[in-house]
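Two complexes follow with subunit A in common, the first pairing it with subunit B and the second with subunit C.
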Partner chain A sequence: MRTRTSPGPWFAAPVAVFMLLCFAAPILIVTWYSLMPSRTFDLTGALTTENYRAAFTEGYTRPLLWSLLGAATTTVITALLAWPTAVILHRYAGKWASVTSALIALPIFISESVRLFGMSVFLMPRGGILAGSLNAVFGIQIGSILNTWAAAQLGMIYIHLPFMLFPLLLGVSLIPADRIEAARDLGASRWQTFREVELPLAAPGLLIGALLTFVLCLGANAEAAILGGRAVTVITAAIEQRFNYAQDWPMGAALTVLVILVTALIVLPVLSRLDLNKLTRR
Partner chain B sequence: MTGARHITALRALWVTAILAFLYVPIMSVVLASMANTRYMRFPHKVWTLDAYREAIASFTTWQIHAISFWIAVYVVIFAVLLGTLGAVAFARFDWRGRSVFQRLLVLPIFFPQPVLGLALLLSLNAVGLAPSWKTAIVAHLVWIVPIVTLVISIRFFGYDPAQEEAARDLGANRWQVIREVTLPALWPGIFSGALFAFLLSWSNLPLSVYTSGPDTPLPVWLFSRTATNYSPLVPSVAVIGTLISALLVVSLALLLITARRLRAPRG
Partner chain C sequence: MTPAEDVSNGRPVILSLAGLSKSFGSLKAVDDISLDIPEGEFLTIVGPSGSGKSTLVRLLAGLETPSGGDLFLREARITDHPANKRPTAMVFQSLALFDHRTVGQNIEFAMKMKGVPAAQRRQRALELLSLVRLPEAYYTRPVTQCSGGERQRVALARAFASEPEILFFDEPLSAIDYRLRKTLEVELKELHQRTRRTFVYITHSLEEAMVMSDRIAIMQDGRIVQTGTPAEIYGAPANRFVASFMGEVNILTVERGAAGGATFAEIGQPAEAPRGAYAMIRPEALALGDGPVTAQLEVTQRLLLGSRTQVHLVAPSGATLISELPGSAPELQIGTRHAFSFAPADIAWMET
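Showing the complex of A and B:
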């Protein structure tokens, strides 16, 4: 009422300028690079879409598909693991809820390299923590999934579980308890209650968790490097190879732009539907 | 009655299993650090803390921790400055373009970090800047500033701007209003925002790995030494690095509790 012109934009300006310079501009530069002739290092060449054609014909679709598959698998499995956990923590854990939530959040702040390294010494064949203990205690000898795609996948689930669990905990807390009781009283089965009442009400949390997990996994590289033994090439590894070993920046840039496009196609529609004010105000 | 007890036990078992899944690998690092052989042969024949002695005596250990520390310190300073201003725009004022600002600001969070790192690396090359620990600060900020802004905003949404007017009506000038009314409301958010910024920067791998150039922060060193040239030194440094961040959290929490205790009798 006091002022028609709000000072809001002035407070937003420093962040906006920083993001334009360090987030938007690099994306533009990469896009421009992707339109340069192959194996050139400056931005003055004639524009060409040759790199994009090469991206689809010269075997780069495989790494991209691996990454998409890994991201989708991780999203589904972490959601399946996180849903019951969130429900138990919210409804039944009582005094244990906050301690357990803190314990689940803590690993986010421990470096990915440390946690993945731990997973690899746990899975290591023969002298690894798991194989070694089983052998010493029970005399059982087991193989190891280390250096396979399965190990990389396990690592991705392990790293990203907290990212799914937290938004989901928020989502589950949006379900009023009396709504479930009402549905049950009216004769809805467990499954019907879940599908018609719980899922729609918890949707914002589930959506944010799924989005975060999927997008983070799309670029995930360390899991395949440390646990997968590069048994498969994920898209980030393919881009890195173009940049470093092949010295083909425009090709690497084209692949980067493709990943950014996939990300944008998934993130933007979901984000435009979410009401951030409502979610953060809780 | 027994059925209900079974279900309760099952629920406890499920949560325990999830916690075990999250913590077994972390415990494995601790176990691996107590070996004295280059190749892991668990259970160790000799349990020793030699690797820790070696780590503390090694110059590299101190160097990688110093690099990570200074990156994190600068990230905290800039992220809190930018994030506080951003949060005021995000949560305090209602202005045209606010919802666009809110949506654009969270975009870097929903962005694959290694891809962001590679895009920044290419851009640095394009403008002729050599990657170093300073460019890693910028890379971390792109991801951390939106998070810190959100963290401060969440705490700030409960704030009632009418308090500012009340203070002004009581004769406070603009600076007094900021110092006595606005900042105290922002403090809890700024505090958690700064903590988040430090911890996320300290542990970040995917951005540092492409943007820190010849300066190797702790997570990048661990990553490269895991792949090649492994020895029990690697897990011991991992444990030391993690303990430092844990120590920081615990000491800050203690500080906060003491501060609250000291303030309590007066108020």
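Showing the complex of A and C:
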């Protein structure tokens, strides 16, 4: 029999209200705006899908593809860099593991823009830290990748490595050493052991790291702006332009909704395969 | 010692250890062990924790690299071969089952690594399931849904699936309850008799070793102190360490002041001259009533062990002894005095 004094809904109420106001409502408003006529600033206009048609016909596909490509490349490269790092930290670093982890985590506390401008100074041609030092010490003269897509990509990898590394460190710690030994004992080569045992066992950590990195990169803007010198336009830059310079809120809203949809299409299937209990059991 | 030397009944030596050593820093975990294992033998290496027995079996399986000495498999030197290049398989203490896979996938692992086709793998896995007495329906079951005993069997089947020439067991039964352990001990012995493979089993329990093995090697501080058949070790332990390892025994010293409990003189005159520094008398050899060597002893404790009764005894000199008698021995109440005796033939003499 259901009792009238069940406390569950009351305890859930604050969170439910918060989610409604700060999560559901903004999405609803943005979605509504995306259906308004171009360059209007109220929500009372006639509903139209014109903005969505424009999104696909007026050259917004390229920025979206650049963003997706950047996010995918960053996710793959940070994973490739973070796996051996995590394995070394977990298995061999011993007492140095926490110090090293702290050093890797420390830059997160510094503003992303500050770090990117630092990187920009590092990469500058002629008098930049890298080019200038090489010239002064070794007499080697190099060009610079600053203001290219490559620099933006480098910045994205640099900024997002910790977001891959720490979940992966958790994932690698889920691999018991005896499972690796058992696989080796049963005739598995190093590569087979990695593919059959280490990768599946560390998968929860790897998936969380990949999701974090991918989603953060999809929303990243500063790398392309500061290091890439707007050599390419990413989707977040395009959205910002719509809202700020173009004063076309409905168009910006339509692009935003599209990014949310694309993100959800990629993230939700991965998330549904993730068993968070596996991570928290140990 | 040459690797090819025969040690038992003309059976060829399958695995030969020549001065095998492993040090961790200043600790010599395995200290210069030489041992020949004949093909088809069930050899059990027994030792207390810290005796180096686990390190020894890891050296044999290729999971550790030795600091010194050599290892020969059928006369071929395999000292530097990694674990995946050795035709051996290990059943781990933790079992080390792949929890992210099903029972069938666990069993098929070694075959999959070798590139055996799926249909053939499945057929062999089903055969192995019946070998370890698991129903075929377990093939698709996740190992996480198996009970402790079932997991043991899966681990065993997985090790067998690699068609190993030698199977290593690193205390796989140490974490399970007594009844199941007894069942699995017998099953393992039967499995050995049926398959005629070479088994090298590691345990801290001499009782377990006695039940299963053809031959027992006893390890202490990284060295093997005695090897022999269960009967040889039971009848003539090499030293007090081996004797005390077999459970509660009476160890008498010939000279006062040496380590150990009572001296010989304290419980009565020996019928013959001592043939060692220490004498071991099993509790069941110390019987009620007069005999060749008799002592008047007072009961200080009585413990019912089911089919037997154990009594703790004290001699007038204060020396303590243990005796085990069949049945409930109702006359042996605490505080009563009785004549106990043993035959000189029941004494196992030891020098150290």
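Please note the rule applied: the second predicted complex is superposed on the first by the 262 of 282 C-alpha atoms of A that agree within 3 Å, B and C clash if a C-alpha of one lies under 4 Å from a C-alpha of the other, contacts with A are read in each partner's own complex, and residues count from 1 in each chain.
The rule is simple: a residue touches a chain if its C-beta (ideal position, glycine included) is under 8 Å from a C-beta of that chain, and two chains touch if they have at least 3 such contacts.
In this text the structure is predicted, and so the values were computed from the model without any measurement.
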Which of subunit B and subunit C A:Leu146 touches, first, second, both or neither: neither
Touching partner for A:Leu103 - first (subunit B), second (subunit C), both, neither: first
Touched partner set for A:Pro26, first subunit B, second subunit C, both or neither: first
Which of subunit B and subunit C A:Leu206 touches, first, second, both or neither: neither
Partner chain(s) touched by A:Ala183 [first = subunit B, second = subunit C, both, neither]: second
Broader residue contact with subunit A after superposition on the shared chain, subunit B or subunit C: B
Which of subunit B and subunit C A:Glu196 touches, first, second, both or neither: second
Subunit A contact footprint on subunit B (complex, rising order): 8, 11, 14-15, 18-19, 21-29, 31-32, 39-43, 81-83, 85-86, 88-95, 97-99, 101-116, 118-123, 125-126, 138, 141-142, 145, 149-150, 153-154, 157-158, 165, 199-200, 202-206, 210, 218-220, 222-223, 226-227, 234-235, 238, 241-242, 245, 249
Complex interface listing, subunit A residues touching subunit C: 176, 178-179, 181-189, 192, 196-197, 200-201
Residues of subunit C touching subunit A in the complex: 61-63, 82-84, 88-90, 92, 94, 96-98, 100, 109-110, 112-114, 158-159, 161-162
Subunit A residues within the subunit B interface of the complex: 2, 6-12, 14-16, 18-19, 22-23, 25-27, 29-30, 33, 41, 43, 81, 84-85, 88-89, 92-93, 100, 103-104, 107, 109-122, 124, 126-129, 131-133, 136, 158, 161-162, 211-212, 215-216, 218-222, 225-226, 236, 239-240, 243, 249, 252-253, 256, 259-260, 263, 267, 271-272, 276-277, 280-281
